[in-house]
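You will see chain A twice below: alongside chain B first, and alongside chain C after that.
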Partner chain A sequence: MNLDLESIINSVGRRGTRTRAEYTTAPAQRLKQWWVAERMAPHLLEYQLDLLNEVITNCRSLRDYIEETSLTLLDEAAVESLGEETLRDVKIKLLLVETELERAKFVARAYKRTRMAKIDLLPYYYLQQQESQSGIMSKDEWVYCHHRTELEASSYYKGFLNAFPTELQGLTDEDGHISMIETPDMDKPVVVRVNTDIGTLKIGSEEVELVKNGVYLLRFSAVSDYLEFVDIL
Partner chain B sequence: MSLDASQFEAFSASELAFLAEDELITILPRQNLSRMDFKGWVQPALRALRRSEVPLWLAVILKRQDRCTIIYPNWLDATYLKTVLEAEGRDSASFAALPYMWQELSDTILAEAAEDCQGSVAEIMRTLQELKELRLNKLRQGVLVNNDSHLRMDGIGSAELNLVKPILSKTMRTLQTVKDAQEVETV
Partner chain C sequence: MYGDLADKLIAEARRSENLEQIPLYQTDIVRAVCRETRQLSALEDQALATAGSDRTKLATAGVYGLCQRRNKRCLLAYHRQRLLKLQKKAWHEQDSFETSNLSPSEQVFVREFNEVLVNVKDMFEDIDLTGSMDPPREMYVEVRCLQDAGEIQTEYGVFDLSKNSQFYVRQSDVHRLVQQKLVELVKK
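Presenting the complex of A and B:
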């Protein structure tokens, strides 16, 4: 009975909330939110360089821990000195750390892959954006985007563009009414959960009140200035 | 290498299961396990028979090693789910309150820790299944995108949302185009 009471007190006490706050704000968890948002948003979001670096640094430390521990486990003398119970704890911790490492690696990779896929969809647009608004792509993303468009252009040129008159060979012409550069559809509807009362926004022809904890399907452009107040689902 | 177009519309079931594994859950450890530094966050020491909150993936590993009991969340209970089911039946316009990832969480918990259930697993599963069908039906019949600016969908679960997101999004986008064309015409 005593134990039970104690565990109830513990479960509502500071200990629980501390885990919650610490886990949900860990770098890998925050990067996960950016991955989810990146998947649903129609254009590239601000590159999370610092956050990604933090996750990678943490992954390296976890990898070092795994290497060290695995080496210890290979050393028979060391294993014997540990005792059975400690050995079991060491092994399960190793398993937990390995799992955490794989999860963080998955998130980091998924984040990068999503961004690359988005660059693949509209490479000329992002190249143009990078000039006016540096920071939308990371350096390696820019190099990738640049090479990609060059390769594509030279392949098209060799394939068929060289048969065209010179003035029709461009791939990024903006003369006349229609630009050749495809742009993202900023009005793509997305689903968001509002995390702070935002108030009333004019969306299309209507005024919509965005209330805390409300879940809404609405066009991305309506909330693109409020990304810190909403979670994209 | 790259993603295909459908992946920009919704998340797959396995991705949702991955996301749900980060939800926190209460366990009753059977053995002590000292504090663990995962670099980005710290798991405080686990003490035998003292409830602790841990991410679901961690709970599942400990459970498989027989090192903890999983405490079922309050909502994962046959009696509670039945009241939800009733409320769900009464109100055809909205969804009754369940955690956002209720389907993924209950799938994992029931699969990994059926023996830790205080009530009847079969009854919980049956009620969950009924809830799932009822809510899906509601989605099929009830959600009308009749508005080009927004659609409120409080209480929807992640599995349900990702099922209907592609079609809802496309419908709303079409409505926007029609509306824009009308406005151009009236000007």
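Presenting the complex of A and C:
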């Protein structure tokens, strides 16, 4: 089992004293940053499949540890042989691991749910994007989006569109060059922290100097080309 | 006046935006708007057929066309707001919420959407996708039972739910019971 108990225990009570590098190496922590970014960005960001899988694999090994230890604690003979002090340590470790598992599960769940909520709001847009360029939605998200949109369309049809003139029944029409497909608001403001010196950014008629570790409030469209160099906060 | 009915739906949608419950489906208004749209469509066809190169009549037909599109847009807005709410509820409470205020097509939607949810959930068993969206603060919580519900099997053991009894249990174990309103969290 490749569960790093020491690091979990060492990290207790040291909140805020970890360096940024230490803090960002734990998969759940890195996923948390993506979750925050996903919440703030107006459209879906790159899917973090590997990172998510890493967190899920971690969850599994945490759960294995919990099951194993809980079984030991049920075994009276084994408990007696441990001695009072060791038993207390084992119980504290167990509690810590349980807490860590809930935390990791929450981050992974929140990340997935945030993306799905975004898909729910603009399903036709993402389906259209998926056709023209691959990779915005993951496979499971595509399946979800596809199914929910079918159900939604059929509900509209049964609810009222079937009583409409045929030429008005579409849900993706472009009458008079106005598309029915809603698109994300790329001009939404976001707060970003810059990771490397990017230099001067021209936004409309204004120029902004982006320096490392600076925090800026900018329109998403202005930084959308520099997403690798900034953290969305 | 044409378009007034659809306005009522928009007002209704706006009013219920922040409501916890989903209000009664406005079957009559929806039907009336559909009827009005068909009338407008007939008027448009009529105007177009007799227009020839008469610009006034062509403009009239154009306005009829716009009115129909407006009606469609209002109906879509009304229905979409309800469906998004239903989806939210389905994610949060799964199948345990009141559906008597819904139209037949919305009830079908809820049923089928729940099946979609079951499928997605199965793909991510390890992280319990429909679990609580509040960050976990404590492993164990105090809950009070609200109804007699017999014995409940959880991942880590069995407990007997009888009304007003209190338990000190793992939060993740009872999340589902809280959603179903069988137990409530006891605030410290």
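Convention: the second predicted complex is superposed on the first by the 208 of 233 C-alpha atoms of A that agree within 3 Å, B and C clash if a C-alpha of one lies under 4 Å from a C-alpha of the other, contacts with A are read in each partner's own complex, and residues count from 1 in each chain.
Here is the rule we use: a contact is a pair of C-beta atoms (placed from the backbone, for glycine too) under 8 Å apart; a residue touches a chain by one contact, two chains touch by 3 or more.
Bear in mind the structure is a predicted one, so any value in this text is a computation, not a measurement.
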item	value
First, second, both or neither for A:Asn213, with chain B first and chain C second	first
Which of chain B and chain C A:Ala28 touches, first, second, both or neither	first
Chain B versus chain C as contact partner of A:Thr99, first or second or both or neither	both
Partner chain(s) touched by A:Asp187 [first = chain B, second = chain C, both, neither]	first
First, second, both or neither for A:Ile232, with chain B first and chain C second	neither
Contacts of A:Pro165 with chain B and chain C, given as first, second, both or neither	second
Partner chain in contact with A:Asp120 - chain B first, chain C second, else both or neither	both
Partner chain(s) touched by A:Leu151 [first = chain B, second = chain C, both, neither]	second
Contact breadth on chain A, by residue count: chain C or chain B	B
Common interface residues of chain A - those touching chain B in one complex and chain C in the other	55, 95, 99, 103, 106, 113, 116, 120
In the complex with chain A, residue positions of chain C that touch it	30-31, 33-35, 37-38, 41, 68-69, 72, 75-76, 79-80, 83-84, 87, 91, 103-106, 108-109, 112-113, 116, 119-120, 123-124, 126-129, 131-133, 135-136, 139, 156, 170-172
Touch list for chain A against partner chain C, complex	55-56, 59-60, 63, 70, 95, 98-99, 102-103, 105-106, 108-110, 112-113, 116, 120-121, 140, 143-144, 147-148, 151-152, 154-156, 158-161, 163-165, 168, 171, 175
Contact set on chain A toward chain B in their complex	3, 6-8, 10-11, 15-16, 18-20, 22-29, 32, 36, 39-40, 54-55, 57-58, 61-62, 89, 92-93, 95-97, 99-100, 103-104, 106, 113-114, 116-118, 120, 185, 187-191, 203-206, 208, 213-219, 222, 233
Residues on chain B engaged by chain A in the complex (per definition of touch)	1-3, 7-8, 11, 18-19, 21-22, 24, 26, 28, 33-34, 36, 38-44, 49-55, 57-58, 61-62, 65, 67, 145, 147-156, 158, 161, 165, 168-169, 172-173, 176, 179, 183
